[in-house]
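Next come two complexes, and both contain subunit A; in the first it sits with subunit B, in the second with subunit C.
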Partner chain A sequence: MGWFFIRGYAILVYLFMFLPVAVVVLLSFNASQFGSFPMTGFSFRWFVELAQNDAILRAFRTSVVLGLLTAVISTTLGVLASLALVRYRVPGANVVSTLLIAPILVPEVVLAVALLLFLNVLGINKSFALLLFGHVIFTLPFVILVVQARLVSIRRDVEEAAMSLGASPMQTFFQITLPLMLPAVLAGGLFAFTISFDDITGTLFWKPGGVETVPTQIFAMLRNSISPEINALGTVMIVMTVGLPLLGAALARQLSRKGG
Partner chain B sequence: MSSVTLRNVVKRFHKFTAVHETNLEIPEGAFVTLLGPSGCGKTTNLRMIAGLLDPTEGEILIGGRRVNDVPIHKRNLGIVFQNYALFPHKTVAENVAFGLRYRDVPKADVAARVQAALDLVQLPDVGERYPKALSGGQQQRIALARAIVIEPDVLLLDEPLSALDANLREDMRVELKRIQDKIGVTTVFVTHDQSEALAMSDRIVVMSAGRIEQTGSPEEVYNNPASEFVAQFLGASNMLEARCTGTDAGGATLEAEPFGQVAVPAEKAQRLGGPGAAQLVLRAEKLLVMPAAEMPEGMITAPARIETVDYQGQTVRYFLRLGERQLQAINMIDERPFEQGAEVRVGFRPKDASALPMETA
Partner chain C sequence: MSVEAREARQPWILLSPALTAVTLLLLVPLCFIVIYSFWLRTATGADQAGFYLDNWAEALSDRFYRDILLNTLKIATITTAICALMGYPSAYFIARSRGNKAMLLLLLMLPFWISYIIRTMSWINILGVSGALNGVLTWTGIVDEPIQMLYNEATVILGLVHFLLPFMILNIFVSLDGIDVTLEDAANSLGATKWQAFLQVTLPLSLPGLAAGGLLCFVLGAGTYITPLVLGGPTDAMFANLVFEAIITQLNWPLGSALSLMLLAVLAVLVGIYNRYLGMAQLMKGLG
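So, the complex of A and B:
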């Protein structure tokens, strides 16, 4: 009897969480010009309008460029930091580790305001570079956590064997260590991209005037009216932020099956 | 092929001294085993020779050249690790060929040398497979092939057999020795297993607590231990408190209860300084347990009672009670072992005994 209630309650929670998402996806295919029920027919017209909306296309481009740059920079820094923390004796490694992970723990608003105030004091204006910098700061912990976990499981003696056979430390890294941790590196990069791609809090604080990312663009559009275009855009976002990590996970599994 | 020399080498980790001042000469082509319990410093020595650790003091020479400042990848060594350390993302052939790409080996020769190495370890057909498709014993053979294909100056083996199970370990032991004989490379072997050390080595270096206890051939180390530690570590030995009453060219005379006078031959008593407190060392395999009437001539004997019987099939280990003392004896089984509680005589030939000075702890 108790189990019956727990199961029923769990189902209700999931409905509460996912029903709105399902409604957005459903309504994005609605032929009516009002983004609400009842549906009057099935149509792709809002996706077509979306593809013709300059503001949204610009925001989309900005988001993709920002996400890719964030992923590349975060992954590079994250790999280097993980190597230092796991493979070498760094003085104060624990403190450094905590500081690098901290952005996850601090509320994003606080982080956003803090960075803004800090740069204000330094007299630096808001810019795309600053926005990128902010995104790197709070995607870095995710990359480090994923990469570090993988690096710990790579046996040191495999690297030692490579060096004993004549590979320099640099050659050992590219021949042995990097291929072995590649699944984690790719996963970390993907994390960084998706987190950056749908971030709104930090982005609202950091973005320079006139620059919009997809989330801030939606936010701006919502202030006027609920256009059905937003439903279509929401669907695209869902496909990207859910689909990419799934794709990445599948890819990582494929890679590690080959390597073990 | 090269000799290896450790000259006044010391290794400290913060305040802990892992290796105390050590001098060691490993001749060209020799198979030398560093033997000792875990934490005795044997692996630390190996890692210093490899270049994976820097000595705190002293110098290491390979082929007469000081290598303290030469990084591992320029030392031309083959290392075989306990857990194989094969590259999991490369095929067996790529694993074996790995060291060749850093040596100017013409591409055409690489495949031939890889195949020759795989033939040598008797796994000629696994080149296309990945390491995890092989058994532990096969993986260790590949690790060996990878280490020797580069024709290293020195081959370093870090407990290469201890991850394998018992039967396989003995096969690999014979195999390893065969390959080493064939290529004649100077080999440093680290193990905590005395039977591996005795079976494979030209010389054994017994280590304890960061110091070398004894260096010698397997027979020397086994038959004439230099210290109580060595006597106890290589097989079971009985240590009896004794008094040395005199020494001469023929040997030393020891007085040890309950056996009385024992004339220990000179070469087994050379560590005794002269008369005084001493220890009589009796190997468990050299103690013969017999009914009183059947004891052969020339044995020094004492009465004993069998306290525990540890039956091992081919042999049996007796724990014997002689008054306040307990001795161990390992005998071949003739028909059937004695029963617990049996009254017997225990005896040994004086030439099987050895003598050590009493250690001041």
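So, the complex of A and C:
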């Protein structure tokens, strides 16, 4: 009886979380002029218009490039740091960990302001470089948390076996450690990409005038009114940010199965 | 160099790029805005370096800022409470359900991957004048004219709850999942009713998760300015909106520095209290 009630409650909570998003996807296929109910028919016209909208395409390109660069830099820094924390006894490891997590302990608005003002004094104005710096520092803690959690499960004896069989430390790293770490590295990179691709709080502070990422483009379009185009853009983003990690997870499982 | 010395140096070589990034892109900038907050924006628009208390005097004494700060804390508190009320039973359901737990967890993680701006704006499709709810209301004849349900404090809280609920559920779940189920059975066998067993055994053991989720919801909620901009009315600004206004619109960077440090200080006190009693480890469990 109690369980029945809890289950009903949980289903309602799940509906609350997903219904609004489902409506966005549904309305993006609406044939009607306006981004609202009633649905007048099924159509892909808003996606076609998206593909012909220069501003949106530009924002998309900016977001993808920014996300990829962020992922590469952030994952490199994060994997190196995670290796140190998991593989070595670092004196003061607690302080180091807290420091590396600090960018998500500080409210993003404050992080955004501090970085913008400081780099401005150094002569780096609002620019793509500033955006990149901001996204790297903001995604780094997430990468470290994800990669560290996965690194713990890689056993050291395999590496030691390779070394005892005569492999150099470099050979061991590239032929043993890196392939074993690949799922963790991919997971970290995907995480960084998605967070960067979705970010708006810091991005609005850092972006130069005229440059838009997909979220800031949506934000700017919301100023007017909600158009079916926004819903279509939302659908594309959902497919990208939900589909990519799912694909990544499947890929990682495939890789780890082959490796193990 | 001896082998030991090289062993000892290696982790620092690996750590140095990340630590350099955090130092240059976070720690030094934070120290810098402390200094900046004592500078002055002159009438000509240039910043006057020096030690002026004007920004702090304005930020701390102006009723306008204080009211918005209090309002922000109020909104964050209500949001956190609603998240707890909605999140606890859901987390309990996931933790105790048999079979499809992985699927339920995956579903819970999905919102993390769906863009914040899209989840926020999705409510316009539901509650807007031409939204789904108004469609149903006019169609059934309950109202004749669509009513404006958006752009008030309630919709800001709604948007925040929608955004933050997964953080709450995940943290409570992590802590519930670590509790041995047989503890409840033991309590039952000793004569406790199911409800008593929950209240006296499970609930106290899951409080660390609830607290971690609560802290995350509060801090993230109190630091947002996008939700009030999208779902709030002109009078629903939160404290982070003031920071955004000062920095981006008025270009008064010294004042903006003081305001962001104020926000940081208020939230740091909360994190400090939390850390004092529960430690950061619980928070990391939920994040990782």
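Quick notes on this one:
In this text, the second predicted complex is superposed on the first by the 252 of 260 C-alpha atoms of A that agree within 3 Å, B and C clash if a C-alpha of one lies under 4 Å from a C-alpha of the other, contacts with A are read in each partner's own complex, and residues count from 1 in each chain.
In this section, a contact is a pair of C-beta atoms (placed from the backbone, for glycine too) under 8 Å apart; a residue touches a chain by one contact, two chains touch by 3 or more.
Everything numeric in this text was worked out from a predicted model, so none of it was measured.
Once both complexes are superposed on subunit A, the partners subunit B and subunit C fit side by side without clashing.
Legend: residue contacts after superposition of the two complexes on their common chain; A:Val239 is shown touching neither subunit B nor subunit C. Once the two complexes are laid over each other on the shared chain, residue contacts for A:Asp157 go to subunit B alone; subunit C is not touched. With both structures placed on the common chain, the touch criterion links A:Ala129 to neither subunit B nor subunit C. With both complexes placed on chain A, subunit A has more residues touched by C than by the other of subunit B and subunit C. Once the two complexes are laid over each other on the shared chain, residue contacts for A:Ala51 go to neither subunit B nor subunit C. In the superposition on chain A, A:Ala31 contacts neither subunit B nor subunit C. Once the two complexes are overlaid on the shared chain, A:Val95 sits clear of subunit B and of subunit C alike.
In the superposed model, A:Ile200 lies in contact with subunit C only, and not with subunit B.
Taking the C-alpha centre of subunit A as the apex, the lines running to the C-alpha centres of subunit B and subunit C meet at 100 degrees, rounded to a multiple of 10.
For the overlaid pair of complexes, the smallest distance between C-alpha atoms of subunit B and those of subunit C rounds to 6 Å. Within the complex formed with subunit A, the residues of subunit C that make contact are 7, 10-12, 14-15, 17-19, 21-22, 25-30, 32-33, 36, 86-87, 89-90, 92-94, 97, 107, 110-111, 113-119, 121-126, 128, 130-132, 135, 162, 165-166, 169, 194-195, 219-220, 222-226, 229-230, 240, 243-244, 247-248, 253, 256-257, 260-261, 263-264, 267, 271, 280, 284, 287-288. Residues of subunit A that touch subunit C in their complex: 2, 6-7, 9-10, 13-14, 16-21, 23-24, 27, 34-38, 76-78, 80-81, 83-85, 87-88, 90, 96, 98-111, 113-119, 121, 133-134, 136-137, 140, 142, 144-146, 148-149, 194, 197-198, 200-201, 204-205, 214-215, 218-219, 222, 226, 230-231, 234, 237-238, 241-242, 245. Of all the residues in subunit B, the ones that touch subunit A in their complex are 50, 52, 71-79, 81-83, 85-89, 98-99, 102-103, 130-132, 143, 146-147, 150, 156. In the complex of the two chains, the subunit A residues touching subunit B come out as 155, 157-158, 160-169, 171, 175-176, 179-180, 258-260.
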